[in-house]
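Order of writing sets the chain letters: A, B, C, D, E and F. Residues in each chain are counted from 1.
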Amino acid sequence: MTDSTSTTHPPRVDGRADDELREIRFTRNWQDHPAGSVLVEFGRTRVLCAASVSEGVPRWRKGSGLGWVTAEYAMLPSATNTRSDRESVKGRIGGRTHEISRLIGRSLRAVIDYKALGENTIQLDCDVLQADGGTRTAAITGAYVALHDAVEFLRSQGSLAGEPLTGSVAAVSVGIIDGAPRLDLPYVEDVRAETDMNIVMTGDGRFVEVQGTAEGVPFDRAELDGLLALGEKGCADLTRMQRLALGLEA
Amino acid sequence: MTDSTSTTHPPRVDGRADDELREIRFTRNWQDHPAGSVLVEFGRTRVLCAASVSEGVPRWRKGSGLGWVTAEYAMLPSATNTRSDRESVKGRIGGRTHEISRLIGRSLRAVIDYKALGENTIQLDCDVLQADGGTRTAAITGAYVALHDAVEFLRSQGSLAGEPLTGSVAAVSVGIIDGAPRLDLPYVEDVRAETDMNIVMTGDGRFVEVQGTAEGVPFDRAELDGLLALGEKGCADLTRMQRLALGLEA
Amino acid sequence: MTDSTSTTHPPRVDGRADDELREIRFTRNWQDHPAGSVLVEFGRTRVLCAASVSEGVPRWRKGSGLGWVTAEYAMLPSATNTRSDRESVKGRIGGRTHEISRLIGRSLRAVIDYKALGENTIQLDCDVLQADGGTRTAAITGAYVALHDAVEFLRSQGSLAGEPLTGSVAAVSVGIIDGAPRLDLPYVEDVRAETDMNIVMTGDGRFVEVQGTAEGVPFDRAELDGLLALGEKGCADLTRMQRLALGLEA
Amino acid sequence: MTDSTSTTHPPRVDGRADDELREIRFTRNWQDHPAGSVLVEFGRTRVLCAASVSEGVPRWRKGSGLGWVTAEYAMLPSATNTRSDRESVKGRIGGRTHEISRLIGRSLRAVIDYKALGENTIQLDCDVLQADGGTRTAAITGAYVALHDAVEFLRSQGSLAGEPLTGSVAAVSVGIIDGAPRLDLPYVEDVRAETDMNIVMTGDGRFVEVQGTAEGVPFDRAELDGLLALGEKGCADLTRMQRLALGLEA
Amino acid sequence: MTDSTSTTHPPRVDGRADDELREIRFTRNWQDHPAGSVLVEFGRTRVLCAASVSEGVPRWRKGSGLGWVTAEYAMLPSATNTRSDRESVKGRIGGRTHEISRLIGRSLRAVIDYKALGENTIQLDCDVLQADGGTRTAAITGAYVALHDAVEFLRSQGSLAGEPLTGSVAAVSVGIIDGAPRLDLPYVEDVRAETDMNIVMTGDGRFVEVQGTAEGVPFDRAELDGLLALGEKGCADLTRMQRLALGLEA
Amino acid sequence: MTDSTSTTHPPRVDGRADDELREIRFTRNWQDHPAGSVLVEFGRTRVLCAASVSEGVPRWRKGSGLGWVTAEYAMLPSATNTRSDRESVKGRIGGRTHEISRLIGRSLRAVIDYKALGENTIQLDCDVLQADGGTRTAAITGAYVALHDAVEFLRSQGSLAGEPLTGSVAAVSVGIIDGAPRLDLPYVEDVRAETDMNIVMTGDGRFVEVQGTAEGVPFDRAELDGLLALGEKGCADLTRMQRLALGLEA
């Protein structure tokens, strides 16, 4: 599948192989204030992921000895092709924003040991500075790196009760375009995809979230299997890049 | 897999086999006013699905010759175990509500030919009167039946430009409890599920949506495959029951 | 007044005598979760009345030893002739909804001894599933039955400090149509009524609320007296039906 | 009933007879901008009633040839005994405010001939500057005077299609305190009233609205009749004062 | 500059000299309930300033031993030339309202010794009953007088820990119209002003706020100096009138 | 004043002279989508200024032949020292945000010829990515550069009716710290400032806005003059840097 030239369908706009990621970049410590701050880039998609730590947990969790991790996703009005209205001005958060915030939170919590975290809260803010497809998967992948830095910060403060990270997490989008499964879709491919799937996986190759949607024609089991295989490859690649960025691998 | 007694894990609370649906009931014409109105029951989960038709489409679609289908999901405060606050009183719709409304809309639109629908709008309202797990899948399954009735109403009015339904759609939840994949989870199983998956399929066996979430431990590919197989069976069963309810099959 | 055929004005659409109620039905325990749950029907008007109990009272009442009873009224979008917009989506509750919620709460509190209730709260939710006139009076009448069941539940829990119900309460609409006073107006009569009055009374024949509004021409004292007499009869009839439904009478 | 000293119950705080109004004052043209502007005082209750006119009607009424009259009621935070929160700051209008705004609008519309008004809108703003009981009845009574001035303004502009006022309207509160029916309750009586009733009547003695509420013990028919009689007297007195203020009577 | 007849530019609409205030009036105790209540008039601009006191301070200040002063500004819909929409109905406070509320609060806090105030809160409500330019400066000037009365009330209650007022504060608008700097602009001048400036000063002639805005053409340093001089004179005049109104001067 | 070492007050934290700006950087075309996109940095304060163009103007301006320029300011939750809550989540925009958005809009409109702009709208979005004092002045200064780029874009499209920019605009904060006037305050100085002033000036040295606030002790005329002089110098420096960034000067 790696050699896209051997297939009969047309090549990708940016010349990538069907199972190839866009250029991925992590810039750690992009901001000064949060405990973790990572500017993650999936090609032209650019998301600022900040992990702020605070002592204590939400009221409903107080006294449990358990920590909490939560996330909010948002997009600058200027991030998209055509300027979008500001949700703070509209006075309400759209369904899509809510949905993605919840997805990011769930994905990161999948690799957290609340007990080891102790009664600390880590708040992830994923703000899309530029959107070119795959903003939610970039956000999860970058947020993990910011989370890792925030955990190290807590460790350096002596605030942890153990190792709160039980693994790593990364995410990628896959889709079927012109009948062919492709990895990491930019906006131009995303709008044309017949099926769109977001896959969130741990570093050891297990699934945290699988969200597939038939945008046009419903998909069959074989297509689903193809997409899952592509997602597994993409997440494995991203896991390696996260480790490199964190200096855990050379 | 049909004989749950032969497995080593404990039997289900309600004595069902692992791949068995709860008692499913469709009551058509439950209300007088909407073009389609179906009370759907998945065991004790009870959702009122109404399909209201109106001439014309939202502004952004005017003059296109295409119709529109949209959905809203909500829950009565008294539907849940412990009374939940009313979203109209809180003044904002929660993320979960938004997310499910969007899912229902997408699922139904997957079997709609907008051109054949003509510039008509069908609005689905799925109001949960009693919740016992699987409210979103019951809503989709019942909403399809209400949608079918609304389409027949439009046809009787001579308002259609063709056959707007390209197929049928049904949905079911599956999950892993105590290591075993199970179909159509009631609340007591849902809260204990390690992995929770909602599967939306067309009547001819293709996927519209696949949404799997690791609530506790991430799941591997084998577990995912087991869940998908169970979901395929459940949706096929539901498709048959929908056809019976609509009098398309005896 | 009982024989509507002897008057010169045209008969009612549904053939009822002017002082005759529509068919009234109470279905107790319609839902599993709330302490009291009653589906009340006044003809085609159908309201689900749920009474949820919770220990404790609102903050401003804490430590007083007194209980609290409150109510919320709402209507499904699909309940009306033409689909109405969802208040949770609009983000604000309309004036009519507020007004009716307050009326229901006041009406039920008129027969409550807060001291005997102890520091418990009973929350009534009256959700209109189908509207055909008189939804607020049906809601009050049904809510009383649900309240009674909730009180019995609290008694069975040993949570009461005495008998919190000082009486029963029922409500009915009356109006002047084509110059004649009529009892329990369905929608088609309601929109044509020159004067519209809602009367809430206790089981022993005293008034809790009297709300009369001249929709068209102001009404004189004789007309007012006619409406009050009709309302007294209707509430007495409803009181008897409530007692039957509760098994207090045979 | 006029001589309160002959009854056995204690005299009123301000020495009035039970059927005596507080000192009533109308100051016309209190503001420069609106077509009608009246500061009405019922004792220490002080409401600024402004009637603003605008050409045209709300969208749903366009092209009908009919006018429209609507009202909004509000209270300054500083108007009450203890400062109340500003509804604009809370971001939502309370149920009580909604309810009173609707009552004022209905009351004034009862004496309006929409056809004669032509496609003009009159917006009444009733802002309570100081509250000492009976703010809604003072608002209706003052708003009528402002409405009258606004109608004269429209007439002077040649904007009317006839005489839009079919009569006058006034309102008063009555209640039972210590078992005795009393007219026009100030705050100290209002909070102690067992039954509280607001009566809105036309100048020729017919009822527009009757709203009675048992605050404590439900009331019987005799008590209701007593309150109605008192309200009729109060409204007749107010009608005379309105005519004096408008220079229609000397 | 005092003799406006000697300049070549046209005289003011109301015949005032360029450095002359409109007629200023303070009516203390306009309302009965608040500790301080002042109706302030700058010509036809009429603002009701109420100072309500309450024991205790906002949560973030508790236990500090320090008091708090805050302010809210609002305008009646009927106050302006053309009726403006009610912010409570719109459900959100406009930017202009927010901005002025904040300005009033800051201005008054500039002359408050929080320690001497003790843990008491004074809430200023400035409600514009009629607007004819300069509402924010009238509000500040009147609010100071109401604040003074509220402080005297607290003193009479023995609730103060010292003298909380470190001085007085007054405010005035100045602007350049037809090239000439003018003091205290009414609406007709305000809309024509090339530059608009609000100046808040203490009674001893120091600045608390200086807010100048070029509405049309930017202004140079000489013009700025002219406006500042005019503002200094206006505030000095207002300080004298405040002292007269408070009986501190004869 | 340029040699801060000769004064008796302590040196600045970052070693700058009292009349010296922080390091200023403009990065044009930081984003791909908007017509103008500038990342402006005043030391560690980092604001992303985007200028989006759209054909047409708001409804109230249609058919006038005039263009429109407006601005919105916001701050990422992670931009500040301690994470701040997201305004979209709170559902309302704070007063400070409103105030700054309005200031930016007014400042840019001061150098716009609406007629030459034609019926086009330029929307400025100023999103603070990192806050270290002076975010509003950085926003204005950067937004002007983005505006310039957007104007050039419109020119290249042939959409202009002339030269819409009548000049340039820049802004800087000044304040009195320990009795000494200082230019361009970072956060640590801002919180300690006795007086805080924001000055907005055109490239040719005239004032657009002057906003001075005594945070602690009111300031006298001499101090005000000192601050104005410092602001004039700072704006002149910034004007030069803007021209350099735009390639108008070498």
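As a convention for this text, a residue touches a chain if its C-beta (ideal position, glycine included) is under 8 Å from a C-beta of that chain, and two chains touch if they have at least 3 such contacts.
Going by UniProt, the chains are A, B, C, D, E, F = Ribonuclease PH.
Being a predicted model, the structure only gives us computed values, none of them experimental.
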## Note on the structure
Per the touch definition, the chains contacting both chain A and chain B are none
### Task
Just send me the rotation angle from a CA overlay of chain B on chain E, rounded to the nearest 5 degrees.
180
### Message
What's the distance between the Cα centroids of chain D and chain F, rounded to whole Å?
### Response
52
## Note on the structure
Whole-Å distance, C-alpha centre of chain C to that of chain F, is 60
### Task
Could you tell me which residues belong to chain E and also touch two or more other chains?
91-92
### Query
Can you name the chains in ring order, beginning at chain B and moving first to chain C?
B, C, D, E, F, A
### For the chain C and chain B complex, residues of the former touching the latter
31-34, 37, 44, 48, 50, 52, 54, 72, 74, 76-83, 86-93, 97, 123, 125, 127, 129-130, 132
### Query
Touching chain A in the complex: which residues of chain B?
92-96, 98-99, 101-102, 106, 110, 167, 197, 201-202, 205-214, 217-221, 224, 228, 232
